[in-house]
Amino acid sequence: MGTARYILRRLIFSAFLVVGVSVILFSMINAIGNPVEILLAERPGMTEEVIEAVSQYYGLHGTVVDRYFAWAWAVLRFDFGTSIIYNQPVSEMLVLYGMETLKIQLPAILIALMLAVTISTVAATRQYSRVDFGVISGAMLGHSLPGFFVGIILILVFSYWLGILPSYGAYSTRNPLMGSPALDALWHMVLPVGMLVFFNTATLTLLMRASLVEVLRQDFITAARASGLPERRVVFGHALRNAFIPVLTYLGILFGLMLGTAPVTETVFTWPGLGALYIMAIQQLDYPLIMGETMVITFMLVGATLLTDIAYVLIDPRIRLG
Amino acid sequence: MPSTLVSAADPPPAAAAPPAPLLRVEELRVHFHTRDGVVRAVDGVDYAVAPGETLGIVGESGSGKTVSSLATLGLVPPPARTAGGRILFEGEDLLRAPPRRMASIRGRRIAMIFQNPATSLNPILSVGAQLGEILTWHEKASRRDAEARVAELLRLVGITDAAARLRQYPHELSGGMKQRVGIARALLCNPALVLADEPTTALDVTIQAQILDLLADLQSRFGMAMVLVTHDMGVVARMAGRITVMYAGRVCETADARTIFAAPRHPYTRALLESMPRVDRAYAKGARAPLPTIPGRPPNLLNPPSGCRFHDRCPEAVAECRRVLPLETEIAPGHTVSCIRHGSAGIPA
Amino acid sequence: MDTQVAPSPAAVPEALPTRPVRPPGLWRQGWYRFRRNKGGMLGLALVTMVVVVALLCPFIAPYAPNDQDAMLRGASRAAPSLQHLLGTDRNGYDVLSRVLYGAPTALAVGLGAMLIASVVGVLVGGIAGYAGGLVDEALMRFTEFFMVIPVFVVILAVVRLFGIVVVGTALEDVPNLNLMTIIVLLGLFEWPPIARMARAEFLRLKNAEFVEAATCIGVTRRGIILRHILPNALPSLIVLVALGIGGAILAETMVSFLGFGDPKAVSWGQLLYFNYEALKVAPWASLAPGGAIFLTVLGFNLLADGLTDAFNPRLRG
């Protein structure tokens, strides 16, 4: 009962967030003056007529409020307009590039989660041992290493020195690996995913291990052992489940972090994803593309936060009814 | 020092040698290896429990009473390590039993009731799930059978509407109810021995009495032995047949309850009893008749006093107390004391 | 016979001190515990090293950061040698010197951003925690809003757009305007975690008994906040600030790496931006600043970890 209401409240708030961001974004862009003028003024050969025509095309007349609602209405129908630079519908581009971004981000988070749970379980159950100390040190180092720096090193080692992995792009332009485009795509994914996994695993391990250690100290764990349950059952059935809760909330943040730093990740590997697209859009001042991408990214982040909130409520019974 | 605090369940004073003990702890030592040194939490402790009997272990915080219970089940957490002694349960030394054997004994033959009901239940599992799991594990019961038995036990410990409670979570229950669940959990497999670690300390005073009554009732019904660890003399007065008094990791005195209250010998036992406020005495401010306390502070177990651990706070201490470690000596059938001023032998500290 | 001995001398201090001895306060206790944490001490050492380098870089750097002599000599992109301990980069600059000069920039970014973030965060969180009710709700929603915005993405956009707006105005000539913009923006986005912590601490301390006691003896509300609540909230906040400094430095690095940084500023991120293209031929020019960033961020993270331990001691084996 209380759960449904809570979820509803979060949904409404999330929607409100998205709208809020859109308003701010729109105002920001418009505050710096007529966007078209600014965009086109930098291009050679622009005349008054052309500017006028483009303005009409993009519906840039009328008050800011009018323009906002026109744009918002279009967005709701998943129509972000047409990219000025690429002359393609923005929504199409977003889907294409979005797929590429998710292609490396989702597997990275999943693999990192599995690794982190394994490693942290091993470490936490051997607290104070050398293994534990090693894991903490390693995770701390990995967490402090700038992610993209790891990427640079990976490229240096595996691409330039060892030559076994490609250093850029998502696909080979000619001669896909062993003649298979699918295999080729996977081959290209290794390094970017590897870099993301590195950072994510380190952070998640630190968090999970600390949480697990804390849980293992609790009375109910001793009580479970006192009831004769085997250690494996106690750790996996009781301790891990409790310890996972704070980690779950962090997953949403982590996804946001990954997505937010996608521009950097994709620049390092020249990966054709949303991040790289965004940089190009900003540098070229492709106004529809900027707006569209920012909205989509915001939407994904809000969605991730919402999902983690919901999952948290569903998993921890203490929150459900209170 | 006459005492009217006597348990209704105590055995006749001049008991013959007690029946073969169900549990016998011999020379138990448990040491914590910390960064600052070795803490001798339990340093040479002996006690025994006969089948069906209730042994009360009394002491201040830090006396080692809880640690010795945990050691019985092999549950002392690192950095602690058992450093010596034997724990004989039905003749078998638990300290040397393989992990598989211990797992089969825990919860099944020996069960434990924990002090803080709020933290001794898994918050994210329902009551039925947590307790049912134990049955499924020990007795290979099916889920339905397990549920039925758990409900039966919940009713037994006085929880109304047991079927509904099965689906509830710990945080939905009151403190008293949670402790009843804890008791039910201990009794699931009908153990021969229950270790109750301060089962009422965390509860309201009004609930304490109810829980103690419940425990006494269950014990008379099922005949299990019980080790009741507490710092509250009132609790042991009500529940215990025999009492062991511990201080700073060692045993001071062991006797049946009546003797402990009526004719204690060890100075610490006497001081404990004296420091209990009594309704039939008048206390006043100032030096006239203040509530007696034990001077000084509990010892630092990293560096305990030499010789008798209590000598620096003892009103009867003499110079030799510092030099000699008293041994538990039987001064009367069923009554042992470790104080050289009351008949104990001793070894040089 | 046996002589009666009074409660042992151990229970009574040998000579009563003439003045009551004050037990060590919160900070000194924390320091003692901190000293025992090796990770924290290492972090402190690293951070101190960075600070020292930042302060002394004009004196210890072998070359000026903009010294292009090497390029004129045709020695750009040279491997590390005795003359250039970390080699030279694409423009012939000495890598070591540039890395050293990057330290003050990094610190300025970290400290500047966190200063802004702390002020905003403590204000928002403190008011929310102390006032409670609707104010709390509203402020926390506001905080959540900031946490959901794709920070990095927005910073890129704002930097770019701000750069355009400023062209042709008086602001254009302000030195390092770009860098300052970045610092301000980072601060404006790093405050939510601090606000959340401040709110939690204020909530917890507001109801503490010693606060009640202080109110009873007539301490004013402002006195309570400033002299009682705030000092007790500081330890947790300091940890977050330490973490945030590392995070801010990292963020600026990434912004610069993508080309949105301040081209006139000597920052590690800028170094990476200039030299990434030459990664294959002159890896040292990218590895050196990367390593510097790593050590700095590691230092702050370890420091934060050590501080957490120091103020929340737990039984360690």
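Letters A, B and C mark the chains as written, and numbering starts fresh at 1 in each.
Throughout what follows, a contact is a pair of C-beta atoms (placed from the backbone, for glycine too) under 8 Å apart; a residue touches a chain by one contact, two chains touch by 3 or more.
In this text, all values refer to a predicted model and were calculated from it rather than measured experimentally.
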item: Label of the chain whose CA centroid is most distant from the centroid of subunit A; value: B
item: Top chain pair, ranked by how many C-beta pairs fall in contact; value: A-C
item: Between subunit C and subunit B, distance of the C-alpha-averaged centres to the nearest whole Å; value: 51
item: Separation of mean Cα positions, subunit C and subunit A [Å, integer]; value: 25
item: Separation of mean Cα positions, subunit B and subunit A [Å, integer]; value: 54
item: Subunit A: positions in contact with at least two other chains; value: 127-128
item: Residue numbers of subunit C (touch at least two other chains); value: 316-317
item: Touching two or more other chains - residue numbers and ranges from subunit B; value: 78-79
item: Of subunit A, residues touching subunit C in the complex; value: 13, 17, 20-21, 28-29, 32, 38, 127-128, 140-141, 143-146, 148-149, 152-153, 155-156, 160, 256, 259-261, 263-264, 267-268, 278-279, 282-283, 285, 290, 293-294, 297-298, 301-302, 305
item: Contact footprint of subunit A on subunit B as seen in their complex; value: 70, 73, 75, 77-79, 99, 103-108, 111-112, 114-116, 119-126, 133-134, 137-138, 169, 171-172, 182, 185, 188
item: In the complex with subunit B, residue positions of subunit A that touch it; value: 127-128, 217-220, 222-231, 233, 237-238, 241-242, 245, 315-318, 321-322
item: Footprint of subunit A on subunit C - complex, ascending; value: 39, 141, 144-145, 148-154, 156-158, 160-161, 164-165, 246, 250, 253-254, 257-260, 272, 276, 279-280, 283, 286-287, 290, 293-294, 297-298, 301-302, 305, 316-317
